[in-house]
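So that you can tell them apart, the chains are marked A, B and C in the order they are listed, and the count of residues begins at 1 in each.
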Amino acid sequence: MDNTYRSVIESLIFASEEPLPLSTIIKAIKEVDGSDIQINPEDVEYSVEHSNRLFEENDHAFRIIKIANGYVFATKTEFANYLGYLSAEKNKRRLSQAALETLAIIAYKQPITKPEIESIRGVNSDYMINTLLEKKLIVIKGRSESIGRPLLYVTTDEFLKYFGLNNLTDLPKPREIDEIMKDTDFLEQKRKIMLNAIEEEIEKETQGDDENETE
Amino acid sequence: MDNTYRSVIESLIFASEEPLPLSTIIKAIKEVDGSDIQINPEDVEYSVEHSNRLFEENDHAFRIIKIANGYVFATKTEFANYLGYLSAEKNKRRLSQAALETLAIIAYKQPITKPEIESIRGVNSDYMINTLLEKKLIVIKGRSESIGRPLLYVTTDEFLKYFGLNNLTDLPKPREIDEIMKDTDFLEQKRKIMLNAIEEEIEKETQGDDENETE
Amino acid sequence: MSFYKIQLDGFEGPLDLLLFFIKRDELDIYDIPISKITGDFMEYLEIIKDLDLEIAGEFILMAATLMQIKVKMLLPKELDDKGEEIDPRMDLVNALLEYKRYKEMAEEFMIFENSQQNKAFRGYFKSDLKEHKDELGIILKNITIYDLMLAFKKALENIPKETFHEVRKINVTIDQQIAYISSRVRQGKRLRFLELVTEMKDKIRIIVTFIAMLEMIRSGMIGLRETETFNDFEIFGVENG
């Protein structure tokens, strides 16, 4: 195998979203450069070793390793404590869809009680409300006058700050939501049909011209 | 700064899924080695340059590039056709002409309202705005003070990442109107240049194949 | 033929269509022959209007603008502060240039997009960072107002069916509006276009009425006369039309 494939193999392992099997590497290369390219498993193994030798010699932070399903790039373990700083950030999970939904209802319907939230969502929302309270995205503000005098929830300044809003009136209104999200796929399709018709017409016209010229 | 930090910096950038801001690199190092460690932005920049030089010298498949205000590892463009095999359909997703047009207006005029966008494009732009919001290339940021207080739109870091820009000042300058007036064929020329570039690339590829064979 | 195919690739809206005419006929953008371009434009409007009213609306608006400019070109020119004549085409020219400017930048963006899509980022990270599920570590990462809006919209859509959205269907057809205009014209009074449309509340009704009017002009049922007001014109019936 030509040595030029070393960097091709590196690029494939680097970009793959899954551990990359040796067989896939060979398939990818043959797909692009033709099936008569001479490249066998030993070539790939040798090439990976070569890359690793260069990484070692030049004190780079990573290696290619082979795990169960194939090759992956991995940072050397000696940097684990530096990477811990990144892990901490990464481990903070995204607000779940359920929490987001609860937050959205509170944002648009505030002040709102738990029974009201639950009547919209159709499910018990204790956990979600607690999560949002903990994250200081919502806060309790008094009690409703309705039976049982349930607690009222409103969003916080923290909430506004996160979404870059000056105040609650800056939130998009349901009317504006509908406007942006209306079934525009349909509209767009019609636009395309129309533009195609224009194109055809122009082509027809041009063809007409040509015919006239040859007459 | 001690040269040993070069591989630490590499490890941080290599392990980060998002472009890593210079400030986070310094924070992570000080977190582990103490805040009295002498390391400044120039040190990090120099270190990244040094790594890139080594990647170049040893024909590795990737470089550290600066986009969306951070550092990230990325493959060199020449491997695109091999990588296409790994994610065939992912590579083909491009923005439509209309989406690019709308995005360009938002990028240069931000913060901008929907009525302003529509007055420049001359067409309803709900669908395009929705598409761009969905792709997180733009985001709603407050409201304009003009009549009706329409929502304001701005571009995101995802936008920078999508186009490989480090920050908004990297955007090419739009031409002045009187300049456009002078050569109405500008667009045509642009298109030709682009087509030529693509053709050249194809030729290069074909030649590349030939060279490999003769080597 | 393929030449035109390329030209129209990614063609968008009435401004784009005008730019196309300007380019095709090598017109001077600062001295657009407004009669000719209006004629060309109206031809295409004919194709469009059968296809879709909502989209045609944008083109009709442009047609109205073009006709307005055409009329103004025939009248004594207005003067600006310095006493110089105002070219009625000026606003349109500026709009075209402004649009063209961003269309160019869209091309630049495409080049960036192209080169960026030829690069790949690292795909597999599980080999580096340990993941522990930390319930308290929830953050609002990468969540935008759009996601919030979407969540709210979905929540409302999924409410056990108690609320209803009122959907109002606007029943208006070109034929109806033709009949309506005919009846108004037959009443014999001077009928002005603005007067006709100001009583209409929905944009779509105005657009349909406008198309109906164009249709009637084409088939010779009515004619148009200029009025003292620049933006308006008078509709009159044509005998035996």
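Criterion: contacts are C-beta pairs under 8 Å (C-beta built on N, C-alpha and C of every residue); 3 or more make two chains touch, one makes a residue touch a chain.
All figures in this text were calculated on a predicted structure; none of them were measured in a lab.
Engineer: Keeping to the contact definition above, tell me which chains border both subunit B and subunit C.
Structural biologist: Common contact partners of subunit B and subunit C, which must touch each of the two, are A.
Engineer: With centres defined as the mean of C-alpha atoms, identify the chain lying farthest from subunit A.
Structural biologist: Looking at centroid distances, C is the chain farthest away.
Engineer: Determine the centre-to-centre distance between subunit A and subunit C, using the mean Cα coordinates as centres, and give it in whole Å.
Structural biologist: Computed from C-alpha means, the inter-chain centre distance equals 33 Å.
Engineer: From the C-alpha centre of subunit A to that of subunit B, how far is it in Å?
Structural biologist: 16
Engineer: Which residues belonging to subunit A are in contact with no fewer than two other chains?
Structural biologist: 11, 14-17, 73, 75, 83, 86, 90, 164-165, 172, 181, 187 - these are the residues of subunit A that touch more than one other chain.
Engineer: By residue number and range, which residues of subunit C touch two or more other chains?
Structural biologist: 11-12, 120-122, 128-129, 142, 144-145
Engineer: How about subunit A: which of its residues touch subunit C in the complex?
Structural biologist: Against subunit C, the touching part of subunit A is residues 11, 14-19, 65, 67, 72-75, 83, 86-87, 90-97, 99-101, 103-105, 107-108, 119-122, 131, 134-135, 137, 162-165, 171-172, 174, 177-178, 181, 187, 190-191, 193-195, 197-199, 201-203, 206-207.
Engineer: Using the touch definition from the top, list the residues of subunit B that touch subunit A in their complex.
Structural biologist: Checking each residue of subunit B against subunit A gives 6-8, 10-12, 14-17, 27-29, 31-32, 51, 54, 58-62, 73, 75-76, 79, 81-83, 85-87, 124, 126-127, 129-130, 133, 139-143, 149, 151, 209, 212, 215.
Engineer: Within their complex, state which residues of subunit C touch subunit B.
Structural biologist: Those residues of subunit C that touch subunit B are 6, 9-16, 22-23, 29-30, 58, 62, 94-95, 97-113, 115-122, 125, 128-129, 142, 144-146.
Engineer: Which bits of subunit C are touching subunit A when the two form their complex?
Structural biologist: Within the complex, subunit C contacts subunit A at residues 1, 4-5, 8, 11-12, 17, 44, 47-48, 51-52, 54-56, 120-124, 126-134, 136-145, 147-156, 158-160.
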